[in-house]
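Okay, here's the structure, questions in a sec.
Chains: A, B and C, in written order; residue numbering restarts at 1 for each.
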Amino acid sequence: MQLTAQTIANHLKGDIEGNPEVTVSSAARIEQGKPGTLCFLANPKYEKYLYTTHASIVLINRNFVLQQLVDCTLIRVDNAYVAIASLLDLFNTMNSVNRKGREFPSRVSWRAKIGKKVYIGAFSYIERKACIADNVKIFPQVFIGKGVTIGENTIIYPGVKIHNGSKIGTNCIIHSGCVIGGDGFGFAPDANGIYKKIPQIGNVVIEDDVEIGANTTIDRATMGSTIICKGTKLDNLIQVAHNVEIGENTVIAAQSGIAGSTKIGAGCMFGGQVGIVGHLTIGDKVILGAKTGVTKNVAAGKSMLGIPAMEVEKFRRSFVIFRNLPELNRNVMDLMKKNNEENK
Amino acid sequence: MQLTAQTIANHLKGDIEGNPEVTVSSAARIEQGKPGTLCFLANPKYEKYLYTTHASIVLINRNFVLQQLVDCTLIRVDNAYVAIASLLDLFNTMNSVNRKGREFPSRVSWRAKIGKKVYIGAFSYIERKACIADNVKIFPQVFIGKGVTIGENTIIYPGVKIHNGSKIGTNCIIHSGCVIGGDGFGFAPDANGIYKKIPQIGNVVIEDDVEIGANTTIDRATMGSTIICKGTKLDNLIQVAHNVEIGENTVIAAQSGIAGSTKIGAGCMFGGQVGIVGHLTIGDKVILGAKTGVTKNVAAGKSMLGIPAMEVEKFRRSFVIFRNLPELNRNVMDLMKKNNEENK
Amino acid sequence: MQLTAQTIANHLKGDIEGNPEVTVSSAARIEQGKPGTLCFLANPKYEKYLYTTHASIVLINRNFVLQQLVDCTLIRVDNAYVAIASLLDLFNTMNSVNRKGREFPSRVSWRAKIGKKVYIGAFSYIERKACIADNVKIFPQVFIGKGVTIGENTIIYPGVKIHNGSKIGTNCIIHSGCVIGGDGFGFAPDANGIYKKIPQIGNVVIEDDVEIGANTTIDRATMGSTIICKGTKLDNLIQVAHNVEIGENTVIAAQSGIAGSTKIGAGCMFGGQVGIVGHLTIGDKVILGAKTGVTKNVAAGKSMLGIPAMEVEKFRRSFVIFRNLPELNRNVMDLMKKNNEENK
């Protein structure tokens, strides 16, 4: 399917600079753009490619100032990253398969409730009292435990395991290999140092519009619920421990871990491999740099970095000196030597 | 089911302060306690909720000193955390399903030995010469390789993969998505930097009473065995490399990793995201703070922190100065300036 | 099966010191060597065991200088680690099962192409337009999406999920629980901080001779391809984000993570729990110590350590002073005190 620059500009409410009749059939990265493809420029690190790309069309921000002439047709939009998302959606929809119905062999308890237009892939297993709403897609090899509820339009990719009592909202995406509702890590040592398991009788609640990356694990609460609020996005291989609560529209990058009973606010952004100890409160709109290790409560709006975490500017000022510690040390040695000589 | 404070106190050998006739039907967290629920207070951070909770009963430690009057009935016990575990066990047992028998389709080699009252879920696969003892529960979508042995009462949750030759003890719990007995990461480079695989012909041995968290990976030994000793508890997303040995009753929090051939003692406690390099010896009762990076042997009883790891008190003393490095640096600059002026 | 020292030496082109007629039937670790086993010594940390082992044969490097007499027969080779790999291969082959054919129930689209001597385990699922070459082994409970191609001799272990459009080369090994081709983590926030998903329409390309550890996740590109080049080896629980490219013959240890669009050179070696932020270029033959956090481009051949990463020698020099910061601080305090007294 060919789309003209004019059609795309109309769809995106963008403005054309160049030939409105040029056509594209797919999208590419700007450094790999070929004739017939559309690219976008959002990250300024890639600006140099704008002047050399062979792409036919490039989406750029309305306020972007060109440093040179370009060969391609530009479409200026308010936010090139949002605009490309919308176009990729279009390309995606054109290629997607409309899965529905139940494949065999699969195992669905007669005491489970299954909505309309649901897809259940082969080798999936749904226990009694599970409740699957309309248009849910359950890919092959999924396990859904007793009493689990899944809201409309949610997609559960192959191999996901959702344990009994979990509640999943509408329009969620759960990627392959996730484990939701496994037991929290709770043990009490006896006088001999032998650990007795604390039964974990709570559940996991995932609200609407949440996306959870591949092989991420979210443990059930000891009592009550582990909660992921509406619109939050978790990347791959993340650990969410028992009784954690994560607020709305928070994004957390891969391999981060949040220990038990910690509460995280709304609108936060965490880099990869972040760790947060248990029983803390992290405010709204907190930013944590990659690999940050949080050991104390963090107030709303703060940006933190380091292990243990410090305010990011404070960390950077200390780290600059850390890099030069050998010089600082030599200076102190010199001063001590001079001081000793003077005092002789 | 309603339980009176008196019944619970008798069960726990606790002492009642308040109304022995008050009844509860479930457990809750102290900050969410409602009438008819029982809570507990073990972590002093939650003390404030004791004075405001609407729970009917709260378990507290015998030596806990009240700062205010409370509305609820208290049951004093030696260890509130151990006591709640015992009660949760009771609630848990009341709700659990007694699974046994084989579901279809599943694939069990006729050359596998299956004990009495074993549960084998649908879509599970058991290879020849596997030996499954009495009362084992194998949930759906599990893979059990050739010659694997599993001891009595062990629970294998959905989607676990246990490769050939692994030995699992009695009363273990292996959570969803674990991979046990995958190949160790062993390669030898040739003169051109091309890596040749070192075949991994050893196995994994997991002793009795071990619990292993979701999506954790435990690699088989190159030769000999990777060993997890009796009573040890591993959290989610942990990596245990080939030929590692972990002693008895050690607990390791999520996302920690232990490189090849390292030996870890008994009764250790490691925080989350800890890393230990290969070929080390970590003594008994070692404590590692979250995110610690261990690069040298650690003697028994030590507490370590930092990357690379230092004794915890030493790390803290250095880190206090790190936080104030800009000030230290300014002081040195001032001294140098004065020194230069004096020497003019 | 018994092999004589002479047979082994001929096979490895090694030289015997001791009895060429002594026989072995299996391999063991040098500290656990028993009569009838063969061991090897490559890591000098284990030299002490050479003088006490009960093994019948020990492989050592040709240039190794004995500090004492030994009881066993030695076979000297150019590289003991490469030699043991070759012997383990032999032991491995003697024990391996020759799997081929399709087990039932499994689900294979009639529009998938399946080569000769392919093994497809029970409960595996292969979608249309997938193309599986000769001698591929697909273990049970694997998911292979639409249009996936898998090259000759590749092994896909139980529970692997490979999403649509992924290309896997020849002679690869993909360990249990890996997720290949899940969506990249891409979202654009709107004015209200609500995230809109950026569809991920690219794929994953894995070249020949790649090995990927258990539960590792490799995300598909937003546009274009996430690429793992020929001969590269990834350990367990690694995260490779969208549009990452990893060069040839690079080895990466467990739990490392590489953020989006970063390019990594050939012949690199990364320790465990390394993190690399997005949009960077890491040159050829770069070495990153365990837990390193890379935030800037790294030139070819550099060795880095620390968070954020510094050249390893520079890091070590700074860290030595960090360990002694309290002393440095006291020295500065003393100097300031003296300085103040002098100026009174």
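FYI, a contact is a pair of C-beta atoms (placed from the backbone, for glycine too) under 8 Å apart; a residue touches a chain by one contact, two chains touch by 3 or more.
The structure displayed is predicted, hence computed values, not measured ones.
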Q. Looking at where chain A touches chain B, is over half of the residue numbers used by both copies, so same, or under half, so different?
A. different
Q | chain A onto chain C, rotation angle from CA fit, given as a multiple of 5 degrees | A | 120
Q: State, to the nearest whole Å, the distance from the C-alpha centre of chain A to the C-alpha centre of chain B.
A: 25
**Q.** For chain B, residues that touch 2 or more chains besides their own
**A.** 105, 123, 141, 159, 177, 215, 237, 255, 273, 307, 322, 328, 332, 335
Q: Enumerate the contact residues on chain A facing chain B in the complex.
A: 105, 107, 123, 125, 141, 143, 146, 159, 161, 163, 177, 179, 182-183, 185-190, 193-201, 215, 217, 219, 221-224, 237, 239, 241, 243, 255, 257, 259, 273, 275, 277, 279, 293, 295, 307-308, 310, 314, 317-318, 321-322, 328, 331-332, 335, 338
Q.
Per the contact definition, I'd like the list of chain B residues that touch chain A in the complex.
A. 27-29, 32, 43, 45, 79, 81-82, 84-85, 88-89, 91-92, 95, 97, 103, 105, 121-123, 139-141, 157-159, 173, 175-177, 211, 213-215, 231, 233, 235-237, 249, 251, 253-255, 267, 271-273, 290-291, 306-307, 319, 322-326, 328-329, 332, 335-336, 339
